[in-house]
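Several structures are given next for inspection.
Here subunit A shows up in two complexes: once beside subunit B, once beside subunit C.
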Partner chain A sequence: MLKVETREPEERFFEDFSEGQELPTVTKGPMMVGDQVRWAGACDNYESEFHHDEYVAKAQGLPGIILSGPLMASLLMTTVMQWMGRGARLVRFFDQNRGSTMPRDLAHLQGRIRRTYEEAGKAFVELECWITNQRGEITTPGSALVELPRRGR
Partner chain B sequence: MDLITDAARALIGTRSDWVEACHPVEPSELRRFFQATMDPSPRYRSTAVDGRYGGPVAPPGFPVHAFRRPPSDTKDPLEGMGDPEFDGESRVFRQGLPRMPIPLQGVLNGGYEYEFLSYARPGEAIYCRSVYRDLRQRQGRSGPMVLVVIDDEYAAGAEKRPLLRSTSTTIIR
Partner chain C sequence: MSAVQTADPPAEISDAEAERYLQTLIGPIGEEVTTLVELGAVRRMALALGDLDPIHFDEAAAKARGYRGIVAPWPLLWLYFFTCTVYEHDFPFGKATVHGQDDYEFHEPVVVGDQLTIRTAMVDAKLKHGKTGRLGQVVSERRFTNQRGELCAVLRTTLFRR
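The block that comes next holds the complex of A and B.
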């Protein structure tokens, strides 16, 4: 039975973040074909055979089965929300599938605060986020803009 | 070799009407989604009593993946998989957009850019309308590729409350 721990992200405020701040690395994996199959089931999308059939993947010139880019992006987005805390509102998110995540790869989800600013009475944090594998290759660079509550307001 | 024909180029700017997902948001599909994305937040669970949202909501990226094969569609999408004759030209990118005639077989997701506006809720109908924004040809390591850029707008309910705007890049190779 799949066990998912239900955990509300901690409460964090705009004042808790500063430019250049490194966010705690979250490691997922080793990623397995099962992660991909579960994602395909969640999306009812089984049409890209190279995500679950090694023969097809290699016939298409890929090194083997690769995990879905939108799955990896979703993992990164989930991690951004956990970093930013329960009061955060995700405003924008960007990701690029630059490299492949293959079965048995680790996914290290990392982030750094790029900018903090206020605009029209609202407080925003802009961050860079990315996934690296166990070889240190960046597979999924991204960025996000998050609106955060101010402490004591 | 130019893979972007005049017929393909003429589709840039083509817009779809609103397309409704084949069923409203169901708690069980939210469960499958947050389990697949390993998201531990309780705000998406049916037990959510978070006063901020007044009940459970869908994960922000969920609407993008909510357009499933309707029960009325009797054509099995897995039929013909692996067909060596498939030339890629019959590929459907969005339910409401015309087919994009790019004569390459492989397809990869290049990435997304999202702007989030509100959360979908269980029981709400989700709608999407799309536009072909751009086509670009590049030379990759394994040969030529075409980038298909599509803007999507997602909305909920009869009043079409904006959920998110998305720009996606699909790599045809």
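The block that comes next holds the complex of A and C.
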């Protein structure tokens, strides 16, 4: 198997984040049917034909192929881990499939720190995160709770 | 020739019947399933999401960061959701089922070579009335534990029936 060119996330600490802080927007796409097919392969799930066959999607009354909600949420979750850095531990994640992502849509992954706090000697960051498309519509609102290392400890 | 009588579409059931039906869904779904966490599955999921963190590819890199082995990206839970659990449900009312939202808890990381056991249960089911009419809301919960008995993750999935 070919070696994958890996990239370690940056090192980040609890002290690097403050309430209200905007996180850098990450843009994915244009999203393609290939992204959906690759996700289906990773999940070994090809049952919902409307996720990869436009004819079937339209026959079912959809405007076209719809990318999987859990795929979009998983991209958002992955971006949260990139924002929080290599020492972060994801504790909770939540997402809603509010709007559809279709082939050739852009996905702008955005986030903002909601709260930072310490509890029982551990440091946590709560953040809200969401995906908007090229029309500014929020398709995937979400939130996450992350435990972070303290600087110098 | 007499006209062919076509069967009427099934009558929509009452709210009380729908609520009674939803209550019957509460409880365990299927049997628990145990599966091996494979290196190829971890690699495929990480690449599908563009997650190039070396902990998903390289055992030495993962151990240097304090993990027991090559770490599965958390979205790999969806592989086991689809291949190890019952995730489609029949409803005697409404026309379409929509995957509404997911709530995840994460505990012990999942690593390659783990034997992951998944238990599924319906934990909530209720009938609501919204702007678009009657709405069934069901929440299924999947609990993922490893061969050491450690809880790795809990995934709660909400489906809406319209």
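We adopt the following convention: the second predicted complex is superposed on the first by the 148 of 153 C-alpha atoms of A that agree within 3 Å, B and C clash if a C-alpha of one lies under 4 Å from a C-alpha of the other, contacts with A are read in each partner's own complex, and residues count from 1 in each chain.
Operating definition for what follows: a residue touches a chain if its C-beta (ideal position, glycine included) is under 8 Å from a C-beta of that chain, and two chains touch if they have at least 3 such contacts.
Note that the structure is predicted; figures quoted are calculated from it, not measured.
Participant: Quick one: classify A:Glu49 as touching subunit B (first), subunit C (second), both or neither.
Facilitator: The answer is first: A:Glu49 touches subunit B but not subunit C.
Participant: For subunit A, which side has the bigger count of touched residues, subunit B or subunit C?
Facilitator: For subunit A, the partner with the higher number of touched residues is B.
Participant: Common interface residues of subunit A with subunit B and subunit C?
Facilitator: 4-9, 28, 35, 38-39, 41-45, 47, 69-70, 73-75, 77-78, 81, 86, 89-97
Participant: Across the complex, what residues on subunit A touch subunit B?
Facilitator: Contacts found on subunit A: 2, 4-9, 28, 35, 38-39, 41-50, 56, 60-61, 68-71, 73-75, 77-78, 81-82, 86, 89-97.
Participant: Across the complex, what residues on subunit B touch subunit A?
Facilitator: Those residues of subunit B that touch subunit A are 29, 32-43, 45, 59-61, 64-65, 68-69, 77-78, 81-82, 105-116, 142, 173.
Participant: Residues of subunit C touching subunit A in their complex?
Facilitator: Listed in rising order, the residues are 41, 43-45, 47-54, 56-58, 61, 65, 73-76, 78-79, 81-83, 98-106.
Participant: Quick check on the complex: what are the subunit A residues that touch subunit C?
Facilitator: Interface residues on the subunit A side: 1, 4-9, 28, 35, 38-39, 41-45, 47, 69-70, 73-75, 77-78, 81, 86, 89-97.
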